[in-house]
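The following pair of complexes shares a single chain, chain A, combined with chain B in the former and chain C in the latter.
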Partner chain A sequence: MKVLVCEDDEMVLKMVEFKLQKEGYEVHLAKDGKEALEKISGLRPDIIITDIMMPYLTGLEIVHQVRKQLGLITPIIIVSSIGLEKTVLEAFQLGADDFITKPFSPNELSVRVKKLLMKSA
Partner chain B sequence: MIALKRPHLFFLFLSLILWGRSDVFAQSKSTDTLVVVTDTTNIDALFKKARDFSFQGNNAQARRICQKILEKKPGYYDVRTFMGRTYAWDKRYEEARTEFSRVLIEKEDDIEALGALIDVEMWTENFKVASDYLKIALGYYPTSEDLMLRKARLQLRLDLEESASLTLRRILDLNPGNKEALKMLNSMKDSRLSNKFQLSFNTDFFDKNNSPQKLASGEIGRSFTFGSIAYRATYAERFNTKGLQSEVDGYLRFVKSNYFYLNVGFSDSKIFPEVRAGAEIYQKIPAGFELSGGFRYLQFSNPGTKIYTASLGNYFRNYWFSVRVYLTPKSTIETNDFLKKSSQTLILNIRNYFGDADNYFGIRLGQGQSPDERKITDAGIQRLKSLQGGIEYQRLAFGRWVIKGDLGYSKEEVRASTFQQRISIGIILKTIF
Partner chain C sequence: MSEQLLQILVVEDDELDRMIMKRALLGSGMKHDLHFAEDHESGKEAAAGKEYDCIFLDYNLPGGTGLELLKEIRAAKNTSPIILVTSQGDEKIAVEAMKNGANDYIPKSLLSADGIAQSVRFMVALKAQEKQRLLLEQQLKETERRLKTVVANAPIILFAIDEKEQFTLFEGKGLESMGINKEAVTGKTIKDIQGIPIHVEDYQRAMQGEEVTSVVEMDNKFFELFYTPIHSDDNGVTGVIGVASDITGHKLAEEELKTAMTLAEETAKLKEQFLANMSHEIRTPMNGIIGLTRILLNSQLNEEQLRFLQSIKVCSDNLLVIINDILDLSKIEAGKMSFESVPFRIQDLARHAVELFQAKADEKSIRLVTKMDPALPEALCGDPTRLSQILNNLMSNAIKFTSEGEVSLGIQLRSRREGQVTVDFEIKDSGIGIPEGSLNSIFESFTQAGTDTTRKFGGTGLGLTIVKRLIELQGGNIGVRSKVGSGTTFYFHLSFDIATSKQLETPVVQEKDSSTTSHLRILVAEDNPINQLIVKKLFADWETPIEFADNGKIAIEKLQKSSFDLVLMDIQMPEMDGYTAVQKIRTELPEGLRKIPIMAMTAHATQNERQKCFEAGMDEYISKPFEPLELKKKILELTKSNTLPLEGRQEEFSGEKQTSDMRTIKGSVSSTEQDDHKNSLQKPDLVIENPSTRVEPVIPEHQINLSYLKQIAEGSESFIIEMIEMFLNKTPVALEKMQESFQQQNWEELKQIAHRIKPSFGYIGLPETQKMLAEIEKLSDEHTNPERVKELVGEIQEVGKSVFVQLKTALTGMK
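This part shows the complex of A and B:
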């Protein structure tokens, strides 16, 4: 199962990559919104995890692009900081499937990924 | 009536006693816990209590206290990191990672959590992951001796002895008093890279009709168990005269938190001091500062001149700050006030490291002249005013060769109300082998 993680914080990216790889996923990384879209188009991941605040394109713009432009139904998990609840609601309206707030436990993220993948299977 | 055999009677008797006391034991256990965690007013004292429990081997109790603290103060990263460490010590690595990750997801450059996470990956032999984390951590803190020590340990685990030596030598360049680095270096059979070699060239240009002054030096040194020693030969051309000076420098380490600098030099040329000497003690003090105090001795003529010096420095993230003062008391000035009778040199250095400890850019501002620059031609000139500034740039050039460029400017009062301007250009090449 291919997971695309979009996050500009290198440390968070590495920690999530390590956790998900241990769970057996094929993990791909994107450090900014532009790279994220390129990888979504090229790789067609089974699930996308994206931070809201990123260079070039925000997580919201990515959700919009994935749903409206690319027409994909790939499950999307939004990663947000505390205090961005309105943005999270907007993400749901655009078509995101779940969200997780920083700071989060990698275990919790892994459970959400598993749940969404089972649902979409 | 059933007749009970002796062992049964014994156990019945024991049970009755324990039953009578069991509630006391339970109460004292639960009371012990209650006493500790209901008093959450002094969080720092609670944290200390948790550390004490862990030190006594009771990590479970330590974690319970940490949980209580985090309920009250969720952003107390040190507590969460410590809790993670207790999991790691109990070999519950996944839970340890979770705690460190929770800190780093919120504060990606938390050095304690970074170090702890790297340790877990090393202990569980996830060397690639440890290496990735180390790279990120050193990006935040390129001069962190603790992180560089971890890097050296990782390199040794991966049988990269030469790389480990290089890392340890870089630590010792930053802090000649790092005992752990020295211990690791000396424990390596081969590839210790115990030797260093340096060449430097410097030319000073003046605005008046003075000819440029040239300075060139070669230095070779070696690390030993007690510290390091280097020999330096310096050649100068000044005032139509050439001369040579020989010196020996030593950095000696005795305890973890301090080290000594010793210097002695000789020359039979009038453009160098006939005798030079120096001694200084460097001491680590809280909050990452390093304090030093000592003296220099320059003898152009008898008696020589004693110069007292002190410095205060600190590495902060990828910056190094240092301020150094030199005080030269003059017997010709009639006063009991030490500062008033001394000429004063004050030099401020700031360096910005990028990537690692080999690569940096620095600026220097000061008043007065430094006897450590080997440009003092007459100790008496220190009494006159002088302002200086400079920039330096060092980078890893190729292999283990490091190159450094230095550009300086100073305005010096050569006699009363007569100033000269000096531009100094220098280059240094150094390596370890």
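This part shows the complex of A and C:
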């Protein structure tokens, strides 16, 4: 199972990577929106986890691109900061599958990942 | 007596004398019935078996003398007064007649009307007197006989002792039981006789004129004795009369009663103790089950595991309800149920009661309806907890036994006067109903309608009993109407005082857990590893730094070493229990540490236990297993004064700044090797030692806490090192940039930097700093209050410096 994590903060990235690797996933990282999009089309990950605020392309734009341009149904989890409810709603409208609020518990993230993967399988 | 018809017999052979007698009697004016006999033989016949008021006997009679006849009459036990009539004043005969039972004599010469009348009257009076005397004598004999029977048969000893200490009387059945021979005692003195409960001292006191009562134990028997002095006419004491009774039976019964009472008291105590223990014994593992289930539910599970786990949760929640029911019932039975009187909003309470069952109702496709009387006062004064318990119980029943249709809760104002209202409650369902025959017994313990109900619907059968008692104890009444197949209605009424809206505290509606405890440092004294695990997980979710102490003693040591905002204290711990620890904290620690808020956290759920906790000096009490939100609420209430406005805390910090840098910082890795893994998760992440300023509060919000990282790391130290290094690499640069952006008034950049570095501070356990960054982010987005932004940016720089030092030290410790 390939997981793509798009996040510009390297500590968050490291944290998620560490946790998901331990769960047995193949974790790929993207530090900005551009890299993210490239890896999505190249790697075809089974699930995408993306932050909203990132250089070049925001998480919302990634969702839009994945669904409209690439036409993929890959599950997407949006990682958002507290108090951005509006953005979360927007993300759902664009086609995101789940969201998780920062700061999040890595355990929670891993449960959500697993749930989405089971659903899409 | 003159009205009486007198029966008079005259035995006289001389007809002339009879005539004289007849005339004399007629002349006397006395009403009478005169009988004549003319000789000895007929006289005897006339007197046989008949009592006369007077008999006149002539001395000279054919067939025998009057004297002879007199003897014969008396020999026949005839007591009629007899007057002998003599011819010629023969004194000798008269004397002889009197000796033989004649009452008087009269010479014939005196047989005049007056003389006879006088004699007869005298005889009649004599007879009446005699009759009276006989009656009295008979009564006396009867009384004496009764007394003798009583004395002889009463299980007592009646005795009299004269002034020479000699027994003059010794009677009663009691003698037998004492094995005393009456004859052997009478005439002897007290001192002569052994083996009787009569004591010479008591006798002597009675001889002084005192009434004496004493209880004497003799040969395993108990005797109660009364001594009464016998007073002579001149008021001297001539002796003592006394009663001794065997009270061994009473005494034994009394002892038995005492034993029974002690036993009953002990049993009651034991029962209370048993319940407390049982509740503790059950709650402790339940705490583990419920807490760990809660944690597991949040972990990765496949569907089957999730389903099983949810069943475990339902089962354990039910079990907890049962335990609470049993505890409640025993509290009610013991008369220990008490009720609060606090203001509450009836609307809110009803809404909560319904909301609680919404999910269940939706699941079964039952409509839930609430009908509130608009005339109800907004705020009432009563026991909202117990009222909720009642409503929840009835609602839960209603839903349980209903498979379609609706369940409604109706609340109506019945009457209102002088600051009081009576409210009618009605819980109505369209369920299976209750057979008429069972309606009366459904409120009894362990009874449900029909024997298969329990099997089909579950439940202890205690719920309605508790509900009924709770309502009745609050002065209300509950009733039920039902028809099989068309539903059941429970109705009850309760009276409340009307509360003013002002009396209501802060809004009852709690904001949905937006509160945080992350600014607090909490010490948890708890020895049970499972409980530790649960508490750890809970506080990790709340991002709240905690430290564990395995017993009361360690807790006190830790309190002295570093600063905490709150202590959660288990009661049963090895070495030093919670009570002792609290007492020591409250009395033996330095002033500044004594007042720390302490919350008891115990599996003992009795009122008694609660009371004991408060008496020991605890500020709050929560019973395990607890609802996480309840714990949080209580923690926040206890530490209210800690949530100072941000500025206040910062001033506090800057004032402390200089010393804080000098503190020795020790990483957790320095804890002993043998328990490294387990303890590295639970033991202090950072212990700040500062002997010189031990009493002063350490500022927790700028002290790093690596528990979060460690929890993620699950033992991987290299991960922690990597994360810390990452932080140390990027944050100083970011902070510098932040300063720059601020100076250039580049709000957008400032906002982005603050946003980006915010999570990192969370990882190293600095939620307070995260809050500051969030504020910077918000303010720079709004372009408002640059003064405050400046202040915050400056603060962050300072915090950063302190944090870098701390992290580096921790890093060195690890490498």
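The rule is short, and it goes like this: the second predicted complex is superposed on the first by the 121 of 121 C-alpha atoms of A that agree within 3 Å, B and C clash if a C-alpha of one lies under 4 Å from a C-alpha of the other, contacts with A are read in each partner's own complex, and residues count from 1 in each chain.
As a convention for this text, a residue touches a chain if its C-beta (ideal position, glycine included) is under 8 Å from a C-beta of that chain, and two chains touch if they have at least 3 such contacts.
Predicted, not measured: the structure shown is a model, and the values here were computed from it.
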Chain C versus chain B on the shared chain A, clash or fit after superposition: clash
Which of chain B and chain C A:Q69 touches, first, second, both or neither: neither
Chain B versus chain C as contact partner of A:S41, first or second or both or neither: neither
Partner chain(s) touched by A:Q93 [first = chain B, second = chain C, both, neither]: neither
Chain A: partner with more touched residues, chain B or chain C: C
Which superposed partner A:M118 touches (first chain B, second chain C, both, neither): second
A:M53 touches, of chain B and chain C: first, second, both or neither? second
Among 309-317, 597-605 or 741-749 on chain C, the segment whose C-alpha atoms clash with chain B after superposition: 597-605
Chain B/chain C common contact set on chain A: 9-12, 14-15, 18-19, 102-103, 105-107
Residue ranges of chain A touching chain B (in the complex, touch as defined): 9-12, 14-15, 18-19, 102-107
Sites on chain A touched by chain C in the complex: 8-12, 14-15, 18-19, 22-23, 53, 81-82, 102-103, 105-108, 110-111, 114, 118
Chain A-facing residues of chain C, complex: 298-303, 540-541, 543, 712-714, 716, 719, 722-723, 726-727, 730, 752, 755-760, 762-763, 770, 774
Touching residues on chain B, where the partner in the complex is chain A: 94, 97-98, 101-106, 108-109, 114, 117, 126, 129, 132-133, 136
